[in-house]
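All chains are identified by letter, namely A, B and C, in their written order; residue positions are counted from 1 within each chain.
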Amino acid sequence: MVESNEKSDKTPKLSIKDLSIFYGKEKVLSNVSFDIFENEIFGIIGPANSGKTSFLRILNRMDTFVPEMRFEGEVVFDGKNIMEWRNLYALRRSIGVVFPLPVGLPMSIYENVALSPRLRGIRSKGELDSIVERCLRRAALWDEVKDRLNVLGSLLSGGQQQRLTIARALSQEPKMLLLDEFSIAVDPVTTMKIEDALKDLRNEMTIILVTNLVQQARRLANRTAFFLMGEFIEEGNTEDFFTGNVQDPRTRQYVQGRFG
Amino acid sequence: MTPKPLKNTSDTLDFAWYLDKAVEKLVFLGGISGIIFIVGIFIFVFKEGLGFIIANMDIAEFFGNPAWRPTSDEPTYGALALIAGTASVTGLAVLTAVPFSIGSAIYISEFSTGRTQEFLKILIELLAAIPSVVWGFIGLSIMNPLIIDLFNVPIGLNVLNAGVILGLMAAPIMTTIAEDALKAVPDQYREAAEALGATKWQVTFNVVLPAAKKGLMSAVLLGVGRGFGETMAVLMASGHSIHLPTSPFDSVRALTATIAAELGETAIGSEHYRALFTLGILLFIVTFFINLTADIIVRGKGDR
Amino acid sequence: MFEATEINIRNKRIGKGIKFSFLLMTVLLATPVLIILAVLIQKGGPMISWDFLFSDPTNGMTAGGIFPALIGTISLVIVALIASVPVGVAAAIYLSEYAKDNWLTRIINLAIINLAGVPSIVHALFGVGAFVLFFKFGTSILAASFTLAVMTLPVVIVATRESLQAVPYAFREACWNMGATRWQTIYKVVLPNAISGILTGVILEVSRTAGETAPIMFTGAAFFLPFLPQSVFDQSMALSLHLFVVSTQVPNVPEELPYGVALVLIGIVLLMNSISIAFRFYLRGKKKW
């Protein structure tokens, strides 16, 4: 069980007000409002097609790559409205993303993790080495791959590739980490390893964890939000969700496994 | 270990950002280069030919008179024989190439698999690679004596020769595009028809060919365009004499070949020179519309 | 039941007949390549010698070798590549990585199709009007190569675009999510994984460029020039034009001479094509994803 954070007098890391997301004319998510704070894991649960992934896409402005995708409302990250960022690449650099299906880039394990630092202009071999090692350690992958860093990243197993993706996201040194159903293509043992890693990472950054496994949210998240069919139902302390202390009956039903 | 704050994640327009913008502009320029060049071709060919069209061209004579006599004392610029030459050679080429091309496309796409398929495709690709001037040489040195012997005619450089050569040149394009069109027909169609008990050839004729109709039509059109615009091979294999052809054994002269043969002997800016550019305008416009039509057939009018 | 079987048997026979006739058509279409090669090798093969390749034509081109034409073709191809590959690759990058599905893209695609479809002699007229006269390059390697470059641009664009699009979209998305700019993504991930496909296209362009005749006749290729070009502003001979000249324009050429020229030309072209094909098969075998 995790304790909920003291949040009253802190400024939020991420503040969302009346966010709605559209693909063309179709509204896929409506009226999301909540704050997320530093050093917490924020869970988002809900069945498939609830708008969870679209929500993450907006946070690092990946909507600019999707034709027809747009949003209304206000998203403030690190004290600044994300619409006001001039350099969206810098915004994305400060937010790490992990996909449901791991994508190992077609280069060596080492290069996968060193890519982002290199793009930021880090040249020194020693510095790169230490970044690669640190990120792989924090993603709980170092021990398995330290002897074969020159192997193609795409040749690793699914679970290893997912941890490689996490290491790559960490190599950006992000202030916020977004995880989108990371355990879908991963075996239970690896899932546990990643979960342990996330618990440690919480001390360094804000984590948003989208998951369709309610128990995973219970294990990791301080607070949780529930999305259903494009609607933001509610958010609250994770423990309240599981003790039935919720406002909407649908939340209780979902958490208890009645549907979804 | 706490990560040290990175200045690169602050919201400043850094070098990478500017570089990205610059590259975007640059590749856009590359992107529209196709348009620039096609408009450029139109402008430059038109510019040189326009003087002739305004000052000297008699439309009725140009399209109605078979006498192309640019170097005589009283020059006439009748392109009818040249148009007829191009039309007859292209027509024969299409007549011979279409059945073979569609036939091989069907065989390659529907009846062959694996290595046979690869091998046939490579042969077709190599056929397409043979340069125009080599085809012309083949017309001259292989087809010419062959036609004289086979048909007992005095000259083997004629519509038949150029038509067969052009057919062989146009066939690979038609085959490749037709095969793409057949391949684009979803396998579910075939499976559904086969599940109803139809045989392979019934499926091919009743399901696959109708479904690929548009692609096959544009394949034929592009083949026509290729034959129409071919220069060196026609110049060398058609006999290059001004004739309204009445039989496949007549020598003819094509529009393209006329330009190739005469441009070198004209003074820049002369009437003859401009007349040749006018032929070029005609060629440009016709091929443009052939390609446009092929594109519209395949993609539909506006949207997909 | 029995009737049905009979129909089946008949159907099968018809099917075999049809299949055979399609096969026959394919074979009839494909065999000319082999026949042509066989004839050219048989008649032109004896011509090929060190002397033939590396000495100048003599006696009004009725004897001697093809060295200036060979060098001319190589120069024309190299200059044409230098001009067209950067533009073509940029165009392909734009179309594959930046272009939205709109009217402009549609027009660009149409322009590329037309560029490939415009008759080669019209390209020649363009070359004369634009490069020789308007830009005042005169009849030169530069003017001829630029004309060839414009004409073969679609080959590079199409091949490059295809190999760029073969790189999975997920790689790009992963990069963008890391905060890589579009160009960084293209440069670090897309291009390295497409480079071999691009190379295949470039080799194909070499083959096309080397064989073209009409576009260079009036823009920079000379009928006869017994010395080598000194700069891109000189004219030069070219193999393709040389074949045209010795087979139609020069009297008293020994019968085997043009066969020898044709064999060298088609040898270069088919060699390039074979390399391109072999390369393609090799690549298919070593995909990284």
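What we mean here is this: a residue touches a chain if its C-beta (ideal position, glycine included) is under 8 Å from a C-beta of that chain, and two chains touch if they have at least 3 such contacts.
Model, not experiment: these values are computed from the prediction.
Chemist: Could you tell me between which two chains the number of C-beta pairs in contact is largest?
Modeler: Greatest number of C-beta pairs in contact occurs for B-C.
Chemist: Based on mean C-alpha positions, which chain is nearest the centroid of every protein C-alpha shown?
Modeler: Given all protein C-alpha atoms shown, the central chain works out to be C.
Chemist: Relative to chain B, which chain has the most distant C-alpha mean position?
Modeler: A
Chemist: Round to the nearest whole Å and give the separation of the Cα centres of chain A and chain B.
Modeler: Between these chains, centre-to-centre, one finds 54 Å.
Chemist: In whole angstrom, what separates the CA-based centres of chain B and chain C?
Modeler: Inter-chain centre distance comes to 15 Å.
Chemist: Determine the centre-to-centre distance between chain A and chain C, using the mean Cα coordinates as centres, and give it in whole Å.
Modeler: Spacing between the chain centres: roughly 49 Å.
Chemist: Which chain A residues sit where two or more other chains touch them?
Modeler: Residues 89-91, 93-94, 119 of chain A each touch two or more of the other chains.
Chemist: Give the residues of chain C touching no fewer than two other chains, as numbers and ranges.
Modeler: Answer for chain C, listing residues that touch two or more other chains: 181, 184.
Chemist: For chain B, give me the residues that contact two or more of the other chains.
Modeler: 16-17, 20
Chemist: Which residues of chain B touch chain A in their complex?
Modeler: Where chain B meets chain A, its residues are 1-3, 6, 8-14, 16-17, 20.
Chemist: Which residues of chain A touch chain B once you look at their complex with the stated criterion?
Modeler: So the residues of chain A touching chain B come out as 80, 85-87, 89-91, 93-94, 119-121, 134, 173, 175, 204.
Chemist: Please give the residue numbers of chain B that touch chain C in the complex, ascending.
Modeler: 16-17, 19-20, 23-24, 26-35, 37-38, 40-41, 44-45, 47-48, 99-101, 103-104, 106-108, 111, 120, 122-127, 129-134, 136-138, 140-142, 168, 171, 175, 199-202, 204, 222, 225-226, 228-232, 236, 256, 259-260, 263-264, 268, 276-277, 280, 283-284, 287-288, 290-292, 294-295
Chemist: Once bound in the complex, which stretches of chain C touch chain A?
Modeler: Answer in residue numbers: 100-101, 170-171, 173-181, 184, 188-189, 192-193, 288-289.
Chemist: How about chain C: which of its residues touch chain B in the complex?
Modeler: 11-12, 14-15, 18-19, 21-23, 25-26, 28-30, 32-34, 36, 39, 86-95, 97-99, 104, 107-115, 117-126, 128-130, 133-134, 150, 153-154, 157, 181-184, 186, 207-208, 210-214, 217-218, 240-241, 243-244, 247-248, 258-259, 262, 265-266, 269-270, 273-274, 277
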